[in-house]
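In the two complexes that follow, chain A is the common piece, with chain B as its partner first and chain C second.
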Partner chain A sequence: MSTILMEKDLETGVWPEWFDQSGAIQEYESAPRPTRKDEAWRFANISALDLSQFQAAPAPSNEGRLITASSGLEKFSAKMVFANNTLIHEEAPQLPNEVLFLPLEVAAREHAALFRKYFMAQPVELGSHKFAALHKGKVTSGAFLHVPANTEVALPVEIFHWVEGAHSSVFPHTLIICGENSRVTVVDRFQSADGLKAFACGVNDLHLAPGARLTYVAVQDWSRDSLAFHLNSTIVDAQATSTALTANFGGGFLRGESLSRLVGEGSRSEMYSINPVEGTREIDQRTLQDHLAPNATSDLLYLNALDDASRTIFSGLIKVQPGAHGTDAYQKVRNLILSDEADPNSMPGLEILNDEVRCSHGATNGPISNEELFYLQARGIPRETGCRLIVNGFFNALLQKIADPALRDYLEGLLAKRLVLGGTPQK
Partner chain B sequence: MSLHIENLHANIGDREILRGLNLEIPKGEVHAIMGKNGSGKSTLAKVMAGHPDYEVTKGTVTLDGLALLDLEEPDERARAGLFVAFQYPMEVPGVSIANFIRAARQAALPEDAELDAVEYYQDLYVKMDALKIPRNFTSRAVNEGFSGGEKKRCEILQLAMLAPKYAVLDETDSGLDIDALKIVSDGVNALRSPDRGFLVITHYQRLLDYIVPDVVHVMVNGQIVLSGDKELALKLEAEGYDWVEKETLATA
Partner chain C sequence: MSTDTKPDLNIDRSIGDFRYDVAYEFDAGLGLTARTIDYICDVKKDPDWIRKFRQDALKKFESMPMPTHWASPDLNNIVFENIRYYLSQGTQAKRSWDEVPEDVKRTFERLGIPEQERKFLAGVEAQFDSEAAYSNIKAAVGEQGVIFVGSTEGLHKHPEIFRKWFGKVIPTGDNKFSALNSAVFSGGSFIYIPPGVKVKHPLQAYFRINAENFGQFERTLIIADEGSEVMYMEGCTAPKFETATLHSAVVELVALKGAKIQYITVQNWSPNVFNLVTKRGLAHEDAEIKWIDCNIGSRLTMKYPGVIMKERGARGEVVSIALSGDGQHQDTGAKMIHAADDTTSNIISKSISLGKGRATYRGLVQIGRHLKGCKNNTECDALLINTDSRTDTYPAITVHGKENACQHEASVSKISAEQIFYMQQRGIPKAAAMSLAVNGFVNDLVQQFPMEYSVELKRLIDLEMEGSVG
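This part shows the complex of A and B:
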């Protein structure tokens, strides 16, 4: 696995002394390669993890074009655009002054205490420890957002991460720290500039202090043959609510890991995922809802629509720790099967060390309902369009969980566009 | 010009439900079908629409000269001009009413034509207002969580938006309150025209006071056994179906 990608970066001075990248690289190199025998890699396509073809990303070739293409929501509070690990644009037209929205390496230098407290603070326990170390060893920038206590950011913050060039490697990072009773919405976009095969190894960590309210939406649209890791952890303190929705539109092989840790009484974590897959694409997602505090709720709903010979793996665990009485945890994966060759694998799980809890978990597989399709066709809508509408509806129902109507409309638009384009690589 | 059903036989599984049904609805007329529960009225509607669960074993349906049953897919039949307002309209999660009807409107256009969105919404709102359907229904998922009456109104909204050549209304009156019955009937009456035929399936003579039929048919056991004017509906209401069955048995 050691390749050019692994060569020591020549860039120096990006990070403070204490930020130990070579230690992280050593950790990456010494950690064993995952095998299917590992519980965390059951059913996984280990052969997809070959990094030897990837290399360090070159400097972005046409920043202007990518900045123009980074137009998302009509109204936003602030925006950062990264291309090939480099910040190429930032603006903050509507951001309250007290909010810190900084490139990650600047935050490390200027707000070291805050940074060190939160940066990759959670152990990566869902299988990709090795790749988390790789991320830490290679990351050069990212978005750092700190919303102080009692601050409300009315409009969404947008972050774009572009990758460009054949076999380029990117290490996107988003770190969000929400102070007590703060409110913010963040939209994180992951985009291919050219539809070429690339490698992404990203981390996004969300921290919610008591009473905070965070809506985090990640729209991953890497090229259709890229290899990508997206490692997420969400820590929710008392009475805080995190709504995290991930739409995986791209990636040839995607490994997603998502950990929600409910550490404060009455906290709530919503974990939603939208995954249209076709061709031979694979989406491998592992989740943990870790309930440590009483009366917390977690709500996980993952939706996969599998066409052609695509594959999905969902492995989820709800863990209720001894002190977490009054837990209300829900975990569900629904697979809409659009082809006989599709291969959905679902492993929902529960581990309850406390009696007074309400937990439910499950997985369903099913084709498009004949009755629904007939109804649409009976109105003159051709079969193929009808199927697409139903798939769109399948995902769209989940988008209704997004409270902000402008953001919801925007995401509905992205989804509709994605489903029209289907599996063809975007240009 | 008519919707002409001849000797139609249809099965579900190996059970025959329609057993040689004959019926002709000339364009411009409104015909009603009444009949006991389970006699096959909804089956007729769904067979014509092309529901995949039913197998037609014999017979033809001709829509203005076109062999409707030769069209395999339900959408082809709909685009040929047939509309069925269903007794139990399906829920379609996540698909909004506005997008649903819009896709149906788009499908009715020639391949390369783009629907004019502004015009579409204007038209939609006018028709929703007429049927007293609140505007916020446009963003609700098709029939999901709709009350029985709301579903029926929405079927009529689709009818109005799609303006078919022939419309089959399957118990559109069931589940409607008295005011809604009037509103929906007004909506249907507004669509009556020399260019359109209606087949109204109902259990209640009351509906036929609002939508006055040209002909009333009685269906027994998958066949039309008796036809008459609207007085027939009054007689059925007063006396039930026993006499019809006796009479037809006697003549059989």
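This part shows the complex of A and C:
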């Protein structure tokens, strides 16, 4: 048993009685630990999953500093800032009145029916069931966003999750429910306050009613030695479109699971990910595009750039269920290899149980082309900078999938900063 | 495609669907114990090191779990204690055609081996149940120093070559079924090609199963010495039985410096056979190993031919065609292990699923650390014929090193209604049009087979397609 579980919760009684945290903890304890023999953990470095060194997070020490640091987009509709599982700031300058943007535990009390219908409603199927139970057992707050039918939120909603202190544990949660024909953009940011090693076990669930449009961007920047789980499920109903982009800038061992379930006719799910990795960091991503309804589209593109002795694991599956005729599904992982020590593992899978489909997947591995580098060097750009420019270009192509120009510019800025363009590389 | 098509696999299996009663001289009985192994060793007069090898393999087999954490749960339907592990009419391979018993000859004549194909083939090693019943190498090949004998004879007469490579490419514990084969193997071929010898004609062996509840565990070892070339062809047809049978072969290829080996399989077991085969080649400097693999029959086939490219310049290739009908699961694929600089590999896999058939591609590509100049290309295409058809693709790719490249692509499609309509417009019946379209889909691969195989293959595809459209 880990020390996280021995600690008393900072807050008890934040949840209504029906919210069974002790049951979840029991589930966590009784669920078997992943082993290398599990297909869902193939290639993963199981020994990284040692939670014994982590403990409950203390109260945040300097809320003011973190609130100041939580400046993202120039224009936003609403913002919440969490530090060590506690809400420290919220504002809603441009949010339509009918939209519910609440701390998770408040939503559980005040909108119990809605909350119970959607909160962790999807079983975690991609291997981290145990850690989802841990999340449910330990979560104390999070962001709850409900956009009612036919409501458009013009400016993005921003959520910041900070972790502070050595070996602190955080359990960030984001639950987004989009009503029929609603529109909203959400930017979720995961930050380390001090660069110290921490543990994060987060869940974000996206629900799209018919005709809804959601753009969800997660920028994860935990410290470079943290252990993190990010478990996502996206349920897309008829004619709705979800665009989800995850940028993993931090984390020492990151396990990301993304499940997109296309339950309505003509639904669409886009799943994109940007992963610059270096040092001995490991990014382990498992995805499922589950087509249950006819004429739905899913498009997955994951980009990894691996330097030093870093590792990536991509295991994706497109599943076309018997009734899902007219499915159009794509899945691609591209590994840009920057060092001889890097270890990219790709498992792009298909399971097709229907003949009326168009499906393709691909995986490529390759280095930076010498011609491109030569071109840049011939123009006086040093080799090292040239490499970083090319990596930036490699990822930048994916940011072009984001339609909102202000959000795109913002993300381009974060990416350039992460890749230290114009400065010295950070290893 | 419209849903009015009705999959029906009651096709005419006129080839292979027959059986004669054979009086077996040696029969190890049902089930597998240490005593079964001793019995096999005694009958075959195995040397002590083989006896130990078999007994160790049995322990390995018993200790390993079924790989159902990733493989089909259908494996659990194999009842190991209901299988006969050794049957033979005698332990010596027959020297000449005249010595082959009359009823066995009849079986082979139905397969069309002696008359039509003997002229064409360099050597015929026809495996009848678990021992070679007939063995004849054309004088010319023998004069070149080529050894082409049964695995038992190879082990007795050429221990210096046999022992050096036996079990080295595929260790006993590679998987549960390679362990099983290592415990009870009998039959299969041992081939040695001396340096510089290029065998003009393909060497050929037919494998058949002819006893109910009888597993066949042949073991083939081919060694191509420096600069030599050989093509080996293996075709399987089997009678229909009511209860499941198990076929679990191990095939090891060794291509020394500059050698080339092509290994061709056409598998058409009856639809109650579990076909669980381990095939792997070891390619040395500038050597080339190519697996051409076609799977049409069986209930469940699990087969992933592999090449370990051990030295610089080695090359591996797998060309795979799978056709999966009602009640069938073709779980096939390839493994490419790059372990030296400048090694290249290519995998092309095409599968067709019809009726409720399921075709699975499983692949493994590894390019080791600190290597450069390695390349892999993988293409998997799947064709789905009916609404209930199923296809899966599960590749695993690990590519180290920034001077290597690897790409994997897969697509899934169906026969376009326009294509069929076009052909029907021109007076071709729908079923024939479907057959044509399917043959078109695999045509570029079928052309890589030797002529008589590609003819047979085309005919088999036509047969399978018959009745799959309403």
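Going forward, the second predicted complex is superposed on the first by the 413 of 427 C-alpha atoms of A that agree within 3 Å, B and C clash if a C-alpha of one lies under 4 Å from a C-alpha of the other, contacts with A are read in each partner's own complex, and residues count from 1 in each chain.
The rule is short, and it goes like this: a contact is a pair of C-beta atoms (placed from the backbone, for glycine too) under 8 Å apart; a residue touches a chain by one contact, two chains touch by 3 or more.
Just so you know, these numbers come straight off a predicted model, no measurement behind them.
J.: Let's test your reading of the overlay: on chain A, do chain B and chain C clash or fit side by side?
T.: Fit - chain B and chain C, as placed by superposing on chain A, sit side by side.
J.: Have a look at where A:341 lands relative to chain B and chain C in the superposition and call it first, second, both or neither.
T.: The answer is second: A:341 touches chain C but not chain B.
J.: Just chain B (first), just chain C (second), both, or neither: which does A:393 touch?
T.: First partner only, chain B.
J.: Check the contacts made with chain A and report whether chain B or chain C touches more of its residues.
T.: The larger set of chain A residues in touch belongs to C.
J.: State whether A:379 touches chain B only (first), chain C only (second), both chains, or neither.
T.: Once the two structures are laid over each other on A, A:379 reaches chain B alone.
J.: Looking at the overlay, what does A:322 touch: chain B (first), chain C (second), both, or neither?
T.: second
J.: Looking at the overlay, what does A:371 touch: chain B (first), chain C (second), both, or neither?
T.: First partner only.
J.: What is the angle, as a multiple of 10 degrees, that the CA centres of chain B and chain C span when seen from the CA centre of chain A?
T.: With chain A as the vertex, chain B and chain C sit 80 degrees apart.
J.: Would you sort A:37 into first (chain B), second (chain C), both or neither based on which partner it touches?
T.: A:37 contacts chain C only, not chain B.
J.: Least CA distance chain B-chain C after superposition, rounded to whole Å?
T.: Least C-alpha distance after superposition: 15 Å.
J.: Could you tell me which stretches of chain A are touched by chain B in one complex and by chain C in the other?
T.: In chain A, nothing is touched by chain B and also by chain C.
J.: Please output the residues of chain A touching chain B within their complex, sorted ascending.
T.: Interface residues on the chain A side: 369-372, 374-383, 385-386, 389-390, 392-398, 400.
J.: Within the complex, which stretch of chain A touches chain C?
T.: My answer: residues 37-39, 42-43, 322, 325, 335, 337-368.
J.: Show me the residue ranges of chain B that touch chain A in the complex, using the header's touch definition.
T.: Residues 49-53, 73-75, 77-79, 83-84, 86, 89-96, 99-101, 103-104, 107-108, 141-142, 158, 162 of chain B touch chain A in their complex.
J.: What part of chain C is in contact with chain A in the complex they form?
T.: 1, 69-70, 369-370, 382, 384-414
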